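What follows is a group of structures, each given as structure tokens.
The same chain A turns up in both complexes below, where it pairs with chain B and then with chain C.
Now for the complex of A and B:
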């Protein structure tokens, strides 16, 4: 029997308070109360008394690994991680953006997470669908046993049934909706480039105006920058105010990477990002 | 005089308006309703609460072309882009959004400096305001009552519409609106009872409950000035902020823009596009210096612009409480809560 959200919340509060009190960390990244119960917010606890404001429920979908790169190197941080979030932390460690020894990972074994806009369950749909964090120091609740019955790639069925031209038409139509608010890249834990290519003036890689070709340039470049790095948390799609299903492309690329290189992103600290690593037995499928 | 038609006849009304010009009305899209130029009169649908994007794009489009030119040629050969506007009907705008137009007028035509693009579009438009449904509770994010806006305020509309069951009651608010209504032959005269219903509805709308906090314009402006240097407060309220541009792009009152030259081979266009104070390069200076690099500084600027600087300069808060920024924030930051906390701080 898995732990309830309330049980996890209580443990998260206790653990955060302990870590801040003993000075093991200076910051705890967790969730706090939003304007109502269905809209919790990422919350940054700095004092032991802040820990009382922590909440955890099925709407705490945000990926807190997003905030790690904001802190100066060497800051001791405890971060609450669900499955995909822990993969993001691992990926950031692989990419040397954060150090394992600076982090305390508070694992949240949770399933049945819901999108606060639609109320729909997101597990395996827009997320990787794992129940337990891949890496943690303390698991705040009982480990969930068993494997997800649905593969995270099942949602691709309809997309994969389309041929090349249909896919291009599909994305063109979706990207025409884009208003270039950049919520996708800002919500993404792996989008930490400063400056982002699309913000550069000289040279300029893409137009600022929200037109088809500029939107395509922005999104396709972002998709490819995330190849082999996206950990399938689905935050980009949930952040989008016009509901562009960005997760489909990320999942598709993740699936191809996994098939070609036998490695999913953010699963082991010792791995190297697939597109950075070279092995003599690497698949040549991409050249065929 | 109050006129009426039935909701079933909405496509006929839409078709009449389309004959006279361009019709912009809410249409159901994947992520919710949005204003669109109507091509098929049957698309018009008034079964919406409010649109995802604010209707500001009707007068201040996200992309506005100014000048076309060819690279390598003389500037004298550059061609200004002319606005060829047909009469425009902006149909089904909620009272809080109508109010936003009058606030935006300050920037684009009210200070002596006139933006011809905004002004021409405004002059070409007839606004059909549309009261919120008072029998449905307000959405959790909305707080227009705090800012003194009723759920059925006709101010600022040319024609104001209230739904009564299967009927739609329409009243001309301005001369332009009245004139238009008399021309629309498919409308019938409303009864005295309906007249009373209409007037009562407007009054009932003023007491319609949304989130509320007592805000005196001057107090909040002063208070926010006083806590400018309270970085702890600003860091606390902006802790979750991702500094994306959702809140500003969906806001009916955000009007910051960038003017950029975009070229494709030798063809160049100078155009205006929306910009946002939350973006990294918004305050980036040519020297490379950037006075606002931290997230808390950007969010502070946004809140203070709306609730402090704007009040000091123009005497009115630059927010209408539509709640879009809160509703679409990826991390659920709520501007109302921040203002409430600021008053307590």
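Now for the complex of A and C:
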């Protein structure tokens, strides 16, 4: 039987307090109160007393791995990770952005996370469909079992079956909605470039105002930059104020990468990200 | 008037570009629709070049590199192979015809093959007609 959110929250508080008191870490990345219960926010605990402010409920969807790269290298950090979040941490370790020994991962096995905009349960439709962290030091609760195993790529079938012109129209309509607020980029744990390619002036890769061609450039390139790195947490799409289903494209690219290169992102620390790696016997068929 | 496509060619300095030179010096005939840009290695090609080329009105993009194993920098084209494979999948899922983008390995001694590939690819793009999906209308 999986633990309730309340039980996990209590364990998280105790653990955070202990880690901060003993000085094992200087910050704990967790969740705190937002303007109401349905909108908790990322919370950074620095003092043992801060630990009392930590909350965890079904709306704590944010991927806290996002904040790891903000700290100078060598900072000891404890971070609360759900399933996809732990994959993000693994991916960041692979990319040498953080070191395993600097991190303490507090695993949160949680089924029943909800999208705070729609109230719907988040499952393999919009995320990778895992509920237990892949990597953790302490698991704060019982492992989740008994959820049906569904491929996170099943949802793609209907879009893959579309005629290409219809698919172009579909994406054009979606991308045209984009207001270029960059919430997707800000929410994403793997989007840490500074500056982002789209903010560069020389070369100027694409228009910066929200016009359809600039939007197309921004999104296609972003999908490309996240190829083999996106860990399918779905945060980009949940952060988007105009509800563009970015996760669909990310899933498609992830699926292709997995098929072509035989490796899913963020599953093992010793893997190398697929696009900074190669095999001499990669087939030329992948280019067809 | 029949449709004459504009095709961007991106060729690596050591193999495909030299192959193109060879095709020229041996006076081979091939369509003039290809505008070739030389890069030092196929892995120099930023995938955004390709998206941008389509936006700026290219009807097709042809990338040429050394055969795997022959790269002047040993491994450049092996990285490029993976990267451009992803580019192709992204183009396909975005709804543009993936046939408009092609990667070919052409060595410095394959002037004939260069001419053949260019001829064939130009014909293929011609069949597809003008590329309007990505093109920025001004």
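Keep this in mind: the second predicted complex is superposed on the first by the 281 of 288 C-alpha atoms of A that agree within 3 Å, B and C clash if a C-alpha of one lies under 4 Å from a C-alpha of the other, contacts with A are read in each partner's own complex, and residues count from 1 in each chain.
Assume contacts are C-beta pairs under 8 Å (C-beta built on N, C-alpha and C of every residue); 3 or more make two chains touch, one makes a residue touch a chain.
Since the structure is predicted, the reported quantities are computational estimates derived from the model, not experimental observations.
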{"item": "Which of chain B and chain C A:39 touches, first, second, both or neither", "value": "first"}
{"item": "First, second, both or neither for A:284, with chain B first and chain C second", "value": "second"}
{"item": "First (chain B), second (chain C), both or neither touched by A:53", "value": "neither"}
{"item": "Partner chain in contact with A:138 - chain B first, chain C second, else both or neither", "value": "neither"}
{"item": "First, second, both or neither for A:177, with chain B first and chain C second", "value": "first"}
{"item": "Which of chain B and chain C A:220 touches, first, second, both or neither", "value": "second"}
{"item": "Touched partner set for A:239, first chain B, second chain C, both or neither", "value": "first"}
{"item": "In the complex, chain A residues that touch chain B", "value": "34-36, 39-44, 62, 66, 70, 116, 177, 179-183, 185-187, 194-196, 199, 201, 207-211, 235, 238-243"}
{"item": "List of chain B residues in touch with chain A within their complex", "value": "29-31, 52-53, 62-63, 140-141, 239-240, 242-246, 248-250, 258, 260, 262, 271, 273, 276, 279-281, 295, 326, 328, 330-334, 336-337"}
{"item": "Contacting residues of chain A [partner chain C, same complex]", "value": "159-160, 164-172, 197, 205-206, 213, 216-217, 220-221, 223-224, 227-228, 249, 252-253, 256-257, 260-261, 274-280, 282, 284, 286-287"}
{"item": "Complex interface listing, chain C residues touching chain A", "value": "47-48, 51-52, 55, 68-69, 75, 78-79, 81-90, 92-97, 103, 105, 133-134, 136"}
